[in-house]
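Per-chain residue numbering starts at 1, and chain names A, B, C and D are given in the order in which the chains are listed.
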Amino acid sequence: MIDIKITNEILDAAACIAKATDAACGGIAVFIGAVRNQTKEKKVTRLEYECYESMALKEMKKIAEEAIRLWSVNNIIIHHRTGILHIGDTAVIIAVSSAHRDAAFDACRYIIDTLKKTVPIWKKEIFEGGEEWISAHA
Amino acid sequence: MIDIKITNEILDAAACIAKATDAACGGIAVFIGAVRNQTKEKKVTRLEYECYESMALKEMKKIAEEAIRLWSVNNIIIHHRTGILHIGDTAVIIAVSSAHRDAAFDACRYIIDTLKKTVPIWKKEIFEGGEEWISAHA
Amino acid sequence: MTINILAFGIVKEIAGSSRKVLELENGTTVARLKNILETAYPKMKQLKSYMVAVNDEYAEDDLIVSPNDEVAIIPPVSGG
Amino acid sequence: MTINILAFGIVKEIAGSSRKVLELENGTTVARLKNILETAYPKMKQLKSYMVAVNDEYAEDDLIVSPNDEVAIIPPVSGG
């Protein structure tokens, strides 16, 4: 089962884990990406996430399908938040359940690594004294 | 911060994630080990977990300290359940938070892999037509 | 032909808008479109990289844009 | 000396109890204790492996058991 969502609402890790729970699965690997208070030497006050939603949903689905192809995991949940996020807020939750834990870990890590490379979502860091679109400049 | 618990009560993933959440951490890797309905060809009806608690707590603490030494992660939560568990019940939750996700993933995986090798906890599978202490025989 | 172009992230700021309408010759490729954009918005050349998506899919440079395509300019992504 | 021995998992079933009291000579090593146990409970030799813990720590074969030690027999673990 693949469950993909992009939302302006607060993400719910417990709900994602509940969705991934499956009597055939012995392990659920979960990644939670949160806004931290520091990047390099700057003190971050908030982040603004922007998204090309129709394409982002398609790219996430591709990633989930590839993870199932590579590791035969049972269930993949990918929820990503957009809009204004503050320190400690959850930006993304990925939950992967599988019969065995190695597949769940490998797939979960593949999904977040690939999401960060291919899914059209952008964050702007607003820090003390300025703002910057992450990754935009060399 | 290290938080280790062995309990007969239901485990709470959301509480573990909340404990691991930290303004300095950009990623939380979580592993949830659940009772699945099948091992090899047997249909499992329930599991009974037994524990040498004083030693198990010490061994878990050693694992957490080693994970912090190896990956400099910030927070480690290890909650393990004992007693009678049914299909779909959560047996163990490991949550690791860190500034960067790679360290959180590596540490989380190390912790569950090592826990399964060294922590004195035993499970007996009760399946249709018999029961067996897991791993006891070659 | 008239093409609607979506701009995101820093490209939206460079272009001053999230949606631009461009008048292009028939047969314009993605590579040609990039040239046109970089001429109109020289700051785009300062980006680390950027991609073009056509109809929600990353597009190669030799793809030819068609009138009803949805074209999007994708600066380096930074989700998660 | 009198030693209290804790048994867990399948060892508890083999020994028929979670706690045994053994009378051992002073200077008994972990290796010797294993011999004594395997003689008393031959089924222990059918285990894939087992460890002995003394005072909550895995013990090497040459460790000498002392009267106030807490000794535990640890069959292959299967937590998680």
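Brief remarks on what is shown
Throughout what follows, a residue touches a chain if its C-beta (ideal position, glycine included) is under 8 Å from a C-beta of that chain, and two chains touch if they have at least 3 such contacts.
Treat the numbers as computed from the prediction; the structure is a model and nothing was measured.
Among the remaining chains, the Cα-based centre furthest from that of chain A is the centre of D. We define each chain's centre as the mean of its Cα atoms; on that basis chain B and chain D are separated by 26 Å.
A separation of 48 Å divides the Cα centre of chain A from that of chain D.
Computed from the mean C-alpha positions, the centre of chain C lies at a distance of 72 Å from the centre of chain D. Touching of two or more other chains is recorded for residues 33, 112 of chain B.
Contacts with at least two other chains are made by no residue of chain D. Of all possible chain pairs, those that touch are A-B, A-C, B-D. Residues 33, 49-52, 54-56, 58, 80, 91-92, 112, 115-124, 133-138 of chain B are the ones touching chain D in the complex. Residues 6, 8-10, 12-13, 46-48, 53, 56-58, 72, 74-80 of chain D touch chain B in their complex.
Of all residues in chain B, those touching chain A in their complex are 13-14, 17, 21-38, 87-88, 99, 101, 104-105, 108-109, 112.
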